[in-house]
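Next, two complexes with chain A in common: one pairs it with chain B, the other with chain C.
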Partner chain A sequence: MLIKARIRMMYRYINLGSIKLAFIALLTPLIIAACGDSSSSNQTNNKIDYTKNYPASNSGTLIDAMTGEPSGLIAMIAGESAASAIASNIFNSLLKYDKNLELTGELVESWDVSNDQKTITFHLKPNLKWADNQPLTSNDVLFTWQKVTDEKTRTPYGSDFKLVTKAEAPDANTFRVTYAAPYAPALDTWAGLHILPKHLLKDQDINTTAFARNPVGSHYYKLEKWKNGQFLKLTRNENASQGQAKINKLLSRIIPDKAAQFLELSADNIDSMGLNPIQYARIFPARPDLNKNIALYKELGNSYTYLGFNLKRKPFDDVRVRQAINYAINKQEIIDGVLLGLGEPVASPYKPGTRWSNPELKPYPYDPNKAKALLKTAGYEDHDGDGVLDKDGKPFTFEILTNQNKEREMTGVLIQRRLNEIGIKANIRVLEWASFLGRFIKPKEFDVVVLGWSLSLDPDQYSIWHSSQQAPGQFNFISYSNPRVDKLLEEGRLELNPDKRMKIYHEFSKILLEDSPIVYLSAGYGLTAIHKRVRGISNPAPPAGIGHNTYEWYIPSAYARNEMSDH
Partner chain B sequence: MLKYLIKRIFWMIPLLIGISLISFFIMHLAPGDITTSEAGFNPKASEESRQKLLELYSLDKPVIVQYSLWIKRMATLDFGSSFASHQRPVFWQTRDKDGNITLGMIQEALPITLLINVLSLILIISVALPLGVISALNQNQPTDRGITLFVFIGFAIPGFWLALMLMYWTGVQHTWLPISGLQSIGHENMNWFGQIRDTLKHLVLPVFISGITGLAGISLFVRNGMLEVLHQDYITTARSKGLSEKRVIYGHALRNALLPLITIFGLSIPGLIGGSVIAESIFAIPGMGKLFYDAVLMRDFPVIMGILTIGAVLTLIGNLIADLAYAWADPRVRRGVVQ
Partner chain C sequence: MRKLFSNPLVLIGFIIIASILLLAIIAPLIAPYDPDAIDVKAILLSPNSQHLMGTDGLGRDVFSRMLYGARISLMVGFVAVGIATAIGIVLGAIAGFYRGWVDTLIMRIVDVMLSIPTFFLILAVIAFLTPSIWNIMIVIGLTSWMGVTRLVRAEFLSLRNREFVLAAQALGAKDGRLIFTHLLPNSLTPIIVSSILGIASAVLVESGLSFLGLGVQAPQASWGNILTDGKEYIQFAWWLSLFPGLAILITVLGYNLLGDGLREAYNPRSSQH
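Coming up: the complex of A and B.
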């Protein structure tokens, strides 16, 4: 019986992915059809006019939904995105990114870099306080650094901070770090490290401490209640270091299923959720009743999808072949087909619109004739007339590998078709993540992968592109090796001046595009739906996205929901 | 009888060790571990840090060594702590030196799943029993065909689809029922009556969905059992004695037809702790199914093993109870056991 039950469970797991898709197919017509009888709806929210203008006020609760629950709120240990999403409302870092993704001070007023570029001195703002009214000083920063570099701390993010050879707190408002060699990504790493309170954690084991579920921070909000598996409720921190946020409370409900989230949004039980392209581009336009109360926002996402070649395998070691495949793939078709037009092509691994993205670079256009000509110079022609290109009697055929991700699978199919048109036969293989990584990526047993990288905020991408990073488990698994790129990546790490650094990375992106070790496919938009009762949201979104000024968002008291309501 | 019981209980120990050994090795056959999750594929997380994590969790040791470490802990009933969930205890709460209590993961998820499963079992029995009896009494007539068709539709309909349709109908179009979750947001501020009402309202759809899909098994079982019994000689005897049809059916036939159900209920005890991943995800219920599913995805070995072990123990206990109950209810079996 147990075994039967397990098999049944396994069966459920296997089907989860396909079931989701089937659901979309089944539900979409119904939701669209249902817009006709919205008159029968007896919702009270339909009677409220959400278009009136009210002055900003300090009130209201913003309810959003997330698919996963944080494991704890110490981000360096928890690691997952749900944890950082909540923790970043509770904890501060020394630095932060502003709306144009430039570094600026958060806990610090200013910072200086020494002439040899090895020492960074941070000057903390005066009179900083923790939510429990204790002073926040440079000792807390030093303590946090000691914890993140401690051998006993179970964090995967320690290595950047271990490059610090000396950390000191000469006075309560000054924190100084010295590196053995100039390390330009340092500032970015300090923007990502949440500062923890020494007075509460000094006698605790940071891996197991109850503090992770009952944190005390210094940012806009503090944790009021955490109901496991149900919700986390944050309330305004009266001692916040950055001033007071306008919305009283943030409530994040844990709803694993996107379809259920969407129903909750339609019923006005949550104010905000992340949408998928189908919901954004198909369901919303067909539902005027939803559009009346809910506004849609679109921002540049944080990642891009690419096709990566195994450069250790023939014929992908030949730049002409890589460029030919780049010309043969229609990127706009992928954006239109897979993302329903909700994405952009990219030509460098940096977020378009930020200083690191080289505006002169353009993606390879779709040009099958040029692709064929390039393949011909590389020796690939259809000698035997079977419709497949061949060289030395061997047909040009390979396998596109990707993990179980619907968007990547669909992308693979579109690529397969375009390659087929120019005489390349590609097969697609889809794998579960752990075996994909363990059996194919780590031992480099693949021809071509479709995968994604995040568009990093710091331009340093040494671990992805430097030729020294090719060992199993490291991130240059496509085995890219170019001495000029190596040199630029090394220089970029040593240069702390943003303008000089920008030139280095513009040059790096240019070589990368010419070399075409990967084909940039698309960068999808982040899509968010937010109820119109929430005001003060920047639209269109700046490079940092709509979330850059959440503390300025407000809910007019006339629109604040009644928390005692049944639902 | 007592000797038989003791023997059965002693036999459970090697069985349990065997089950845990097989589960442990199968779990390790799956590629990957806690450090190879998709979120871990982050250039900021270095290979050295991952090696360090593997050592801290003893995942760098051979599987057989890991198993002996696990069984050593299990001997003291220590289920260990989760890898993924900030070292939360897998089974029961722990108290740290400052008196902070951390609740166990199974401790929190189990009551929720049990409540839903017990409620839906009650629903299934109270509906399936009369349906089965009515079917049997009207064998091959339109009523019987209609009931069979109905329970099979319930069995075949995709639960997640029905769930979403009902959520849309009762939660969005009308505001009769909450859509997802276990409690409303203002739950704490309600009085006890309001709290119970609130929780029950949240449970209506999940219980209904799991009930409707489980109807077919039990009702067909009752129907066939009844049919078999109705053709027995003692039913003919009872009828020829001139007993009322009501006495014949409910006093004589049904009692005997229900005997095999005891076995089914005994065997469904372990099923009571297993939740459905899909239903729990759609209704946002933090139960056992979701816990197990997430643990498998994260390769959170202590949680997987904890749930499997508890499942195995309950299965063995369920079998034992079913056998004992059967012997208690049926003198023929009892005599066989004693001899």
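Coming up: the complex of A and C.
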């Protein structure tokens, strides 16, 4: 009797635990599947024919989805892609890149570079205004420069602007900066700095100001409403410095999960989202109902994925070992298997097909025999016959580190398999992003990483490859150090002639490929889905991408959706 | 034994567990493919005659991975519960036999451990360790011994003053002999029942951890991480979610039926006939 009662108690305790877990483990797919079905209830909306032609009109709301919420809308403080995506609709820079990626004026009419290449004078457009009707003058630009170079400002972008030895605003429409030495990436840096209003920020602490959540800018849109964890709504700025955008409102909904975003897209609750290769190459072709209303865009991104060696650790300090691993990895297999063909091989740290990418360079071909031969010259052979190469009695084994990202994890599995075939035993370790960066990358506690670089448009990669950039938290965390590369990177910053500059970076890429401090894996395509109610999108995309002319996009009023009341 | 299997639920539970065990043991013999063999030309094939359960995002055979995954899931269950039961028996026996302040101390530790949600405790511990199957087993074991401890203590407390124990003690039996030959064998039934039910929950915890990416690491297959992979493709590759989900469901059900049936069978109240 007593025994039974006790067993009951125990039994219930254990079982309660398992029931809760059963819900997590088993029902999640069912719940997701059930949500998927609800999308079909909205199919009635799909009867509208989105192929008719309408003239451009000023109307409509474009709804897109983002995975993360910005921490604030001052881009130099937030330093994250979610913030700059929204902030770049609100703030202007002095310069911008046009659709062919040539620099052109945004807030400035023109600019002059002095004969000694050290001084740049910017001439602002006349009668510029902030969204609150205050005039925008060179004092605002000077103020922004002071803020970005201020030691108290917590920004990762300060170093470029600290090279300016003198900045002045001789009159309301003129801004002049002087560098100690010619600095080739200078104009590029001014195209990336959002100009902030002095009259609202002069008495504020820029790191903590409420302005970051209630910004006033000069670009096409101004912030109308920001609902935490749900959406940011932008509405047209009547004082916009670049003329009026055609779409009335931009609504960015915060939906952390890509699969959930896709369901919202299928249910016609959002107009645009970035797709992953599976959604693009597998789900879309199988869903004619989606294809009818949603257009897909594909463009090569300005980024690449790589396998990087910790050059401070043995045996990766040996170039033969690095080259051997490069030969042992089948890059095409990764492009086909992980990116489902939606990627390109790369052989230099620049976007394939651009001026800076050296067309003579070819990726290391997949050649396991050559890899084995190279490892043999480096002293690695299978002496004890256990299938794993060894040297001085120690087996060749290491850990491949990457962050929680399905594609990188799959890449790791493919690499592991190929290395295993030539007798290198690699383990994979997948980590959450914050601890990946904080505990392993910044203190350089890793053997090998699979990671990606997003690139700026200027070819200067001093911060990634120069031997002086190896302190904890700096970008050269693989500890690459080559005097020839250092010299080329320094020359590249001083050289303003584009053709000479190109030669410098082609030479730099060539050395980098031979040295093989990283194994280039692939450059993935950016994949975007946009509802066909949105018009005016350039297809095929110009070099600057489909996003270069969002202000010309329009939604014919016949297609504009009804406003949701709580937005 | 016959009485045990006269309960159809026990029989079903037994058959389920025995067949999964068998499949796991002979996995290398019956798996049609190497579970880690990648084939980028055969990505995400639906179930067919070559691939009984289809292929995953890297073209690996899901059926083979399921078989090898069964080994992981079952091994985690047995080892973790073995650790938990061993700790539970030792602590429970000490507390129940010696009583007094030792008992109070051990039971307060149990209370403290029980007040922390186990799954989150495991998550927190795993975050500081290298995720691997061995760490998972140890951590699950070290965080789930409290139930067994309470159970063994309760058994000992009730048996401690029975006539046969007192008699043995009067005859001069030492503490060790009392514990190992008199008390423990008479407490075994509830321990076995709780262990079997514990295996079920350990299997679920392992699947849950692997689902969250903190359990068994790629490329090693476990039901939990096959299920995670399937989440990405659920809109069109149902086989990647259904089979591991079903396997977990059936295994846990099997253990629960078996444990439940054993409890009924050895219950003194139902052994009247």
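The rule is simple: the second predicted complex is superposed on the first by the 480 of 567 C-alpha atoms of A that agree within 3 Å, B and C clash if a C-alpha of one lies under 4 Å from a C-alpha of the other, contacts with A are read in each partner's own complex, and residues count from 1 in each chain.
In this section, a contact is a pair of C-beta atoms (placed from the backbone, for glycine too) under 8 Å apart; a residue touches a chain by one contact, two chains touch by 3 or more.
Remember, predicted model here, so these are calculated numbers, not experimental data.
Engineer: Check the contacts made with chain A and report whether chain B or chain C touches more of its residues.
Structural biologist: B
Engineer: For A:A558, select first, second, both or neither according to whether it touches chain B, chain C, the two together, or no partner.
Structural biologist: neither
Engineer: If you stack the two complexes on chain A, which partner ends up touching A:A267: first (chain B), second (chain C), both, or neither?
Structural biologist: first
Engineer: Tell me the contact category for A:R417 with respect to chain B and chain C: first, second, both or neither.
Structural biologist: second
Engineer: Answer with first, second, both or neither: which of chain B and chain C does A:A180 touch in the superposed model?
Structural biologist: Neither partner.
Engineer: Under the stated touch criterion, which partner chain does A:L437 make contact with: chain B (first), chain C (second), both, or neither?
Structural biologist: First partner only, chain B.
Engineer: With both complexes superposed on chain A, which partner does A:A259 reach: first (chain B), second (chain C), both or neither?
Structural biologist: Both: A:A259 reaches chain B and chain C.
Engineer: If you stack the two complexes on chain A, which partner ends up touching A:R429: first (chain B), second (chain C), both, or neither?
Structural biologist: After superposing on A, A:R429 lies in contact with chain C but is clear of chain B.
Engineer: Which partner does A:E409 reach: the first (chain B), the second (chain C), both, or neither?
Structural biologist: second
Engineer: Jot down the residues of chain A that show up as touching in both complexes, chain B in one and chain C in the other.
Structural biologist: 1-2, 13, 22, 26, 259, 435
Engineer: Write out the stretch or stretches of chain B touching chain A in their complex.
Structural biologist: Interface residues on chain B, with respect to chain A: 30-32, 35-50, 52-53, 56, 81-82, 84-88, 96, 98, 100, 102-103, 108-109, 158, 160-161, 164-165, 167-168, 171-175, 178-186, 189, 198, 201, 267-268, 270-271, 274, 276-278, 280-286, 289-290, 292-293, 296, 299, 311-312, 315, 318-319.
Engineer: Can you name the residues of chain C that touch chain A in the complex?
Structural biologist: Against chain A, chain C makes touches at 36, 38, 40, 43-44, 57-59, 118-119, 127, 130-131, 147, 150-151, 154-155, 158, 190, 193-194, 197-198, 200-201, 204-205, 207-208, 211, 213, 217-219, 224, 227, 230-236, 241-242, 245, 248-249, 252, 256, 259-260, 263, 267-269.
Engineer: Which of the residues in chain A come into contact with chain C in the complex?
Structural biologist: That would be residues 1-4, 6-7, 10-11, 13-15, 17-18, 21-22, 24-26, 28-29, 32-33, 36, 259, 262, 278, 282-283, 286, 333, 336-337, 340, 404, 406, 409-410, 412-414, 416-417, 427-430, 435 of chain A.
Engineer: Can you list the chain A residues touching chain B in their complex?
Structural biologist: By the definition above, chain A touches chain B via 1-2, 5, 9, 12-13, 16, 19, 22-23, 26-27, 30-31, 34, 37, 40-43, 63, 69, 71-72, 74, 77-81, 151, 154-160, 192, 207-210, 212-214, 227-231, 251, 253-257, 259-260, 263-264, 266-267, 269, 403, 433-435, 437-439, 453-454, 456, 461, 463-464, 471, 473-475, 563-567.
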